[in-house]
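One chain, chain A, appears in both complexes that follow, with chain B as partner in the first and chain C in the second.
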Partner chain A sequence: MNAGQRQWFFGCSLAAFVGLLLWGVLGLPPLGHYRGPYGDAINQAVVAQRHATDAIAAVNFDYRGVDTIVEEFILFASVAGCTLLLRQQRDEEAGMARTRALEGRMGQTSAAVTALGLTLAVPVALLGWYVVTHGQLTPGGGFQGGTIMASGAVFLYLAGEYVTLRRLNPPPLLEVLEALGAGGYILIGFAGMATGAAFLQNVLPLGRVGQVNSAGTIWVISMSVGMEVAAAFVLLATEFMEQALDLRQRRRI
Partner chain B sequence: MTDALQAATLVLAAAGGLAVVITRDVVRQALMMSLFGLLLAILFFAFQAPDVALSEIAVGTIVIPVLLLFTIAKVRNQEKER
Partner chain C sequence: MSLLPWFVVVWLFAVGLYGIVTSRDLIHQVICLTVIQSSTYVLLLAIGYRRGAAAPVFATLPSSSSAVDPVVQALALTDIVVEATVLALLLALTVQAGKRFGTIDPQQLHALRG
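Our next item is the complex of A and B:
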């Protein structure tokens, strides 16, 4: 394909794309004018039915809980796939030599970045935990809080404390936590069936509106998801870090 | 007021996306993407979607750029060895 043909092809595609986009955008309802009945129905029913004040968490973990299981397993499978791919490419001997060569260069994180990273790591992880446990009350929940907790671990890396990060997060432990988080969700679903209700039905006591331990299974599922997501992201970051830095140790799995 | 805020965040996000695309150096591009993630999070917040904004801050601003930086470091180390 020569340059002229390419430009012609690009021009045609662009025209078609802009046409379709305009057609789609012009058919949208005006900004701020929601038309569907579902959102309104949920907003009216959620506090009375589920004792949760964050309707989004209630939809994610209760009304549409099965969808969220699938989403969670997409993340689980992706992280498992990444881990598998990254592990296959490790060659131990060349890696150890490179680690020694890199060690000198890697220690040069500036003092300001180290101080900031170390100062932020724990508060950020705590904030993530807060977001996980308050998902049913305020915006947030398992996924959001889990990623924030994992960010706390990433700050440890940014502080240059990759050896600490590696020791704090041995991948076998993370894998167990991730699997427990993902499996816990399904187990909570079966708890509904064990009491004679449907899969994932909210069978736990709902508690008082506005309290932390309210909203029944929403609260428990949120924590389960938080554990899964935080472990998954830290695992992913650790695997990438080990690939990048060749900071590997012999695995005992 | 809200309309002006929403319009401003839309323009900023568009500018941020463009900045990511036109940055040529990959390390700068990863950092620019982090900034773009923050702009998107502010946009989501202005459009009253705080749940999405929280995920975007953690995933788009921190996790993805850091994974990209790891990948760039790995590729550069391999290139040096050759």
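Our next item is the complex of A and C:
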């Protein structure tokens, strides 16, 4: 099939598909007239039942907790897949020799970028941790805060401190953190079973509404997820960064 | 006016699909996939929307007041996480394709494979 035929064929099927999709969405209730019972049920029960004021975090880490375990393992599997895909090829150097080789490939970072990156890294990571720990009170939680924490590390990479960080050998540490975050979630789930309740049941003391250490397992799971997400995204950034440096080297040969 | 979000959903999906089919660059193709996925965010949030209602965060809001559906918002969050993971995997595959075949034009990749 040549490109012209393919486009013609695609155009016809797209028109049919869009027609079907339009027919489907036009049958939905008009915008602004929400009818589902579940959202209202959760909104009315969440503060009294779970002492959490952010209903979204409560849905994610409590009412739909099992789904979120699966979601977290999608992230885990994807990071494992990326690491596998971007792993060192056999002809590429290994270990410290590689770190030293990478050092030579780093371009010169401008002083302004370095200063800004170093200044922002710690406050951004702290902001991420704040978002993680306050997920049950205000919009936020493990996933959102975790990515903000990871961007703290990305600022360090931008500042040109990649090789310094690589010498500290973060990947094994990050892998341990990621595994702890993912495994911690399941352990919290088993804590429910250990006390005779169901898997992932909120068995921890709920605390006072509006306090940081409230909402029982929601708070703990949020921190566990935050750790996993932050480690996962830093690991991803590291893999892509090393890959970019490898490619830069190849281009020079 | 109340139909606008549904049209946005259909438009984002169709335009993303068109981009994927006609793309000559794997990275562009991956970005088109994220455009398709953003149509699902609009769909989810529009389904849970209620006119005049507040966000489902009861930090200062009395718990009896009317709020939009938190379930679809949590689903949108799941959606974003899945999108990020798919994006990372596809970009990693693109890097490998570029390294192995020296091109990231999907139509030339097809020709290379014969």
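Keep in mind that, in the parts below, the second predicted complex is superposed on the first by the 218 of 253 C-alpha atoms of A that agree within 3 Å, B and C clash if a C-alpha of one lies under 4 Å from a C-alpha of the other, contacts with A are read in each partner's own complex, and residues count from 1 in each chain.
Here, a residue touches a chain if its C-beta (ideal position, glycine included) is under 8 Å from a C-beta of that chain, and two chains touch if they have at least 3 such contacts.
Just so you know, these numbers come straight off a predicted model, no measurement behind them.
Asks: Given the alignment on chain A, is it a clash or a fit between chain B and chain C?
Replies: Overlaying the two complexes on chain A (C-alpha atoms) leaves chain C and chain B fitting together cleanly.
Asks: Classify the contacts of A:Thr68 with the two partner chains as first (chain B alone), second (chain C alone), both, or neither.
Replies: Second partner only.
Asks: Which partner does A:Phe143 contact after superposing on A: first (chain B), second (chain C), both, neither?
Replies: Both partners.
Asks: Tell me the contact category for A:Val131 with respect to chain B and chain C: first, second, both or neither.
Replies: A:Val131 contacts chain B only, not chain C.
Asks: Check whether A:Ile56 is in contact with chain B, with chain C, with both or with neither, and answer first, second, both or neither.
Replies: Both partners.
Asks: Scan A:Gly226 for contacts with chain B and chain C and give back first, second, both or neither.
Replies: In the superposition, A:Gly226 contacts neither chain B nor chain C.
Asks: At the Cα centre of chain A, what angle separates the centres of chain B and chain C, to the nearest 10 degrees?
Replies: Rounded to the nearest ten degrees, it is 40.
Asks: For the three-chain arrangement built by superposition, which of chain B and chain C touches the greater number of chain A residues?
Replies: Greater contact footprint in residues on chain A: C.
Asks: First (chain B), second (chain C), both or neither: which does A:Gln243 touch?
Replies: both
Asks: Is A:Ser151 touching anything from chain B or chain C once the two structures are fitted on A? First, second, both or neither.
Replies: A:Ser151 sits against chain B, while chain C stays out of touch.
Asks: Touching A:Gly189 in the superposition: chain B (first), chain C (second), both, neither?
Replies: Neither: A:Gly189 stays clear of chain B and chain C.
Asks: So in the superposed three-chain picture, is A:Gly160 touching just chain B, just chain C, both, or none of them (first/second/both/neither)?
Replies: In the superposed model, A:Gly160 contacts neither chain B nor chain C.
Asks: With both complexes overlaid on chain A, what's the closest CA-to-CA approach of chain B to chain C, in Å?
Replies: Chain B and chain C, overlaid via chain A, are at closest 5 Å apart by C-alpha.
Asks: Mind sorting out which residues of chain A both chain B and chain C touch, each in its own complex?
Replies: After superposing on chain A, chain A residues 31, 54, 56, 139, 143-144, 147, 236, 240, 243 contact both chain B and chain C.
Asks: Where on chain C is chain A touching in the complex?
Replies: 2-6, 9-10, 13-14, 17-18, 21-22, 43, 46-53, 55-59, 63-64, 67-74, 77-78, 80-82, 84-86, 88-89, 91-93, 95-96, 99, 107
Asks: Tell me, which parts of chain A touch chain B in their complex?
Replies: Residues 31, 54, 56-57, 98, 102, 128, 131, 139-141, 143-145, 147-148, 150-151, 154, 157-158, 233, 236-237, 240-241, 243-246 of chain A touch chain B in their complex.
Asks: Across the complex, what residues on chain B touch chain A?
Replies: 6, 50-51, 53-55, 57-59, 62-63, 66-67, 69-71, 73-74, 77
Asks: Would you mind writing out the residues of chain A in touch with chain C in their complex?
Replies: Contacts found on chain A: 3, 6-7, 10, 14, 17-18, 21-22, 25-26, 28, 30-34, 36, 38-40, 42-44, 46-48, 53-56, 58-60, 64, 67-68, 71, 74-75, 77-79, 81-82, 85-86, 137-139, 143-144, 147, 210, 236, 239-240, 243, 247, 250.
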